[in-house]
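Structure incoming, see below.
Labels run A, B and C following the written order; every chain starts at residue 1.
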Amino acid sequence: MRTFLIWVTIAIILVLNYNIERYVLEDIQIITAIGYDYMEDDTMRGTVAAPFYPQGQDVKPINASFTASGHTIHSIRQQFQREAQRKLASGRLQSILVNKDLAERGVKKVVDSFGRTTFIGRDTKLAVVDGSTKKLLTSNYPNAQNLSRYLSDLLEESIVRMAPNTGLHSFLSQMEGFGQDPFLPLLKREHDHIHYVGLALFKDEKYVDSLSFREGYIFKMLYENFKYGIYEIKYKDTYISIENLRSKVKYNISGSSTRPVVTIHVSLEGKVQDAYGVPLHTQKRIRKVEVEWEKETLEKAEKLVRKLQDIGTDSLGIGEKVRSHFRHFNKSSWESLYPDVQVRIKIKTNIINTGIVE
Amino acid sequence: MLPLPSEDKKVSPYLAFYIINSMQIGIVVLSFERFLVKEAGQDAWISVLIAGVATHIILWMTFQITIKGENDIAVIHKDLFGKWIGGLLTLLLITYLMTLFIMIMRAYIDVIQVWMFPHLQTWYMAFVLAILVYLYFTGGFRVMVGLCVLSFMLTIPLLMLKAFPLKSAHLSYLLPVMEHSPAEILSGAKKMSVIFSGFEVVLFCYPFFKQGIRAHKWAQLGAAFTTSVYLAAVLVSLLYFSEGQLEKTLWPTLTLWKIVDFPFLERFEYAGIAIWLFVMLPNLCLYIWAVTRGLKQLFSIKQKKSILFLLLLAIIASSFITDGVQIRNFSATIDRISFFILFAYIPFIYLYQWIWQKVRKNK
Amino acid sequence: MRRNKRSSSAFHSSEIGKLIDQCCKSADFVTFQLKDSPFFISYFQTLVDKKVLHRDILTILKDKQFISLEDMKHAIQVEDLVLTTELSSVKQKLMQGNIIIYQQEAQPSCLLIPAFLQENRQVSIPETEYSVVGPKEAFVESLDTNINLVRKRIPVPEFQIKEFSVGKLSKTRVAVAYIEGIADEENVNTVIQRITDIGYDQIIDSSFINQMIADNKNSPFPQLVDTERPDRVASVLMEGKVAILVDGSPSAITGPATLGEFFSAFEDYVTVWNIASAFRLIRFLAITFSVLSTPLYVAVLTYHYEMIPQDLLTTLISSRAGIPFPPLLEAIILEWTIELLREAGARLPTKVGQTIGIVGGIVIGTAAVQAGLTSNVLLIVVALSALASFTTPVYQVSNAIRLIRFPFLIFAQLLGLLGVAACTAIVVAHLLKLKSLGRPFLEPVYPIRLKDMKDALIRLPFNQQTSRPLQTRTDNKIKFRPHSSPPDKRDIDE
């Protein structure tokens, strides 16, 4: 009996004293996308998309968004709550957008805040927007019922085929790590659609330049192994498009730690998709296309690397690779060394098949 | 001095594997990389290996002390140093273990407060943990060892989650090997060896092994397994985080769990922290068990009585530590004491006992 | 005549006489004097087989004149005749359906003729432990029949039965069965000791014994296996366990048991080992699912919405938008409804029970969802977890499984996932402390006995099952020595 009473007391203590904040699924409004625009000086304007589910059975969400401005991420968040009908919860945040003007002035205060809080997932997508994020997040899109779903699908499923995979983790890791600079997809609202424009290049935390959609694709080729997408090459007076089946990249470092030489080996395997007017029935002709493909790609790649070196952003992470090659590498001199580092690119192409017709 | 435990209270020697393993793996696994990387950078994994080897030696000494003394440390102290000084040493040792108990309890609550429930009061969670510890404690040593075994089985699948971050691993983060000087690597190892502590409990639970000498082999295996777990953890963190990032990350393992992505479950850290309860419980139980054993040896206080007092003390003490900085300072202090206990005190007792026995034999 | 009267009054003051007088107050007690002889016959007509009385007793007594009971004993062709003057044995035998013949005298000696009327149910198909293939005999309410069912499966003299009479009023026959030389003496002695210590007045069923001799009487988990299958009993006896059979109960108890044993069906042994192992694992998974699914639902929906993947989140929100209750209340209401259906179904005859099941399952379920009282996701979860809880082959444990879900729900509400973990820790503590006849209940998981794993979570093929479980502490560990054949060295197609 005594033990029983003791346990009852304990149970009562436990039940009466718990005060953990609850996030009951239907009583919260889940923020799925958030955008920040530059206003003036230290002020930012934040816009959140938080779909609202009305009462009822099998309801469809209503696009709801709130806008507020302030100095820090969290003070802005509190402002949103002034308008929202339910408790805003950011745990399922899918995409974070930053306006280009803000990105030029540095995104650290945005990203650091998201990297610090425990609620945000590590694979949350980041993107830079050309234009106002408010406009992008509050417009209606005819091809999607749910805006935030459209945005996150675009960033997660679609762009990965053309641009290297990015996210909160990779951004933080590139920003904090030595010898690499972050990059993000650049989006724009155009013709009632969200449009992937290219890659936004950062130097540390600041936006410096962008790559076009095609350059971005070459960048991806130099950056990681992958297997999607189309290469279009000009062959004689027609155009041939080759589907990328397998693309592999390997970095070789040689030279000395003060004069490193970087060689990038890329091997491409492809399948001819469009080849109107080009007969491709002999090994020799195919070989010719391969050579042309190699030449054009090499040209583009060299131009791209040159551009990166000129603007001084090491988005490919060459610095990290050089550091890992030389023991006791002098990290402080890298900054000045980078623009003049010799980068050689070797490309090997291979057309595996030409479809089911000659 | 207590009589040796009866045969039905003893456990088989192979269970030493689980005891050592679950005592060594605790709350620090979630956060140890940071200290290590600050010292040894990408060579941190070498520090782990060195510390692992050092642990094996100290563990060997620990077992030698108890095998020669054929009883727990309280009795050995008394034999070696007499009633008063020996008693004082035992008292200091159990005070240390009690502080460890409070520290890891508070550290776990801190993880919960930071990651899951910022509003959770410290005393509330400490109370819940105390109840759980009490439930296992009343089952006796055998039940606590059973908890070690079950927690080992429950938490071993967590190791598989390390596969997720490997998808975005950068091999170059590990290179070049031996970039850091041996001194830096050794100072990393020093940090690490503290993390391997926990096997001091053997000093108290040795009499509870059937054939204690055979238990030694299993204990060494357990320690080796722990080293491999830490090694895996540190390697994955090094591969996933860039160095600058890892130095700033307080709980790398939990951050890694964030990217675990099952079709039915994301953000594994919440589940992970909950499952981590099963890693914490054997730690908490055996530490406080060792303390109550010590108190019983010294003052003949019944374990049934002393446990209630100690748990109450732990709840009160842990609610006085209020913020993260305090916890980190506290744990840094404990780390220094741990290092002293492991690498000064245990070798000292070992040598002293060795000489003492030689002298006695010559008489 | 006078002498008669005197002896008659002396008889009525004797102890046996008093017993007869006491019994005469009952309407079904018959006493009459044989014609032309000094002998009286008494019996309970409700307990006595009329056939035996008329054919074997009355005809003989009519034909001949006997002088003494001793003569009579030799003439009557019924086994187990006892001639005694002892009150206690007369009392006991009378209650067990014996006919007594005696003279009305001061020191009466009685001839006890067993003529018990067996009202027996036929041996029929097992209902709670039904299996599609394999033997289809189940225990009935008669102890002798039950022992017969077991003994015919173990035709060795080492198979022994120790019988006890338990219960101050019910005087139930309780038999402890074991195989000498295989079963551990200590286990047998523990069982016998605990049975003889029972002081309760009535033992109606074997489950009474089960609860009374359990190591922890407050545990929701049964610590001894309760089975209605004689084949199962025989098989565990041959592993070295002890069985307890109770007269009047169609189920036997076997022990020492382990938690794993409650999840092993006899069917596991009649199907191929890999299929059987797969089913056993499915059963374990089902139980885990059954206990944890609703608490996890409550925990995740109340505290950890971040853990739900995006696609699932949309489904969950749109099914939950507009539900007036918090997840905990919703879950408790639904769980309670399912328990209600089960209770109602169990109390009603099979046909009606089925109807209730359909009405409850389909009508209430759909209506509740359409009325917006519960979400259809939870309805699926609860229904599945209820279904999963019925996969346990031993009925008693499925009750435990369904009961422990409720504390889990409360903990999930208090501390979210951490609460679920804490409650699991409590259950694990309880299981670790549990013992079955003094042997660890969680074996072979703790203490780890790899040898016993061959028939725990999985069942290995028969040629691997060479030893008896270590759990039983048997001295005779070897089941059989496998026939080792030399490896086939021929190549393919040779």
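The rule we apply is simple: a residue touches a chain if its C-beta (ideal position, glycine included) is under 8 Å from a C-beta of that chain, and two chains touch if they have at least 3 such contacts.
In UniProt terms, the chains line up like this: A, B, C = Spore germination protein.
Computed from a predicted model, the values in this text were never measured in an experiment.
Arrangement of the chains shown, judged by which pairs touch: all-to-all, with no pair of chains left without contact. When every chain is represented by the mean of its C-alpha atoms, the one lying closest to the mean of all protein C-alpha atoms is B. If each chain is reduced to the centroid of its CA atoms, chain A (Spore germination protein) and chain B (Spore germination protein) end up 41 Å from each other. The geometric centre of chain A (Spore germination protein) is 64 Å away from that of chain C (Spore germination protein), both derived from CA atoms.
Our note on geometry: chain B (Spore germination protein) versus chain C (Spore germination protein), Cα centroid distance of 46 Å, whole angstroms.
Annotation for chain C (Spore germination protein): residues touching 2 or more other chains are 303-304, 306, 308, 415-416. Along chain B (Spore germination protein), residues 117, 128, 261, 266-267 each make contact with two or more other chains. Residues of chain A (Spore germination protein) in contact with at least two other chains: 14, 18, 20, 91, 121. Taken in their complex, chain C (Spore germination protein) has these residues touching chain B (Spore germination protein): 303-304, 306-309, 312, 415-418, 420-422, 425-426, 428-430, 432-433, 442, 445-448.
Contact residues on chain B (Spore germination protein) toward chain C (Spore germination protein) in their complex (touch as defined above): 11-12, 14-15, 112, 116-117, 128, 132, 135-136, 138-139, 143, 146-147, 149-150, 153, 261-268, 270-271, 273-275, 277-278, 281. Every residue of chain A (Spore germination protein) that touches chain B (Spore germination protein) in the complex is listed here, in rising order: 10, 13-14, 17-21, 91, 118, 121-123, 165, 169-170, 172-174, 176-178, 180, 320-321, 323-328. Those residues of chain A (Spore germination protein) whose C-beta lies close enough to touch chain C (Spore germination protein) in the complex are 14-15, 18, 20, 22-26, 28, 30, 53-61, 89, 91-92, 94, 119, 121, 149, 152. In the complex of the two chains, the chain C (Spore germination protein) residues touching chain A (Spore germination protein) come out as 301-306, 308, 310, 313-314, 316-323, 326-327, 369-370, 372, 414-416.
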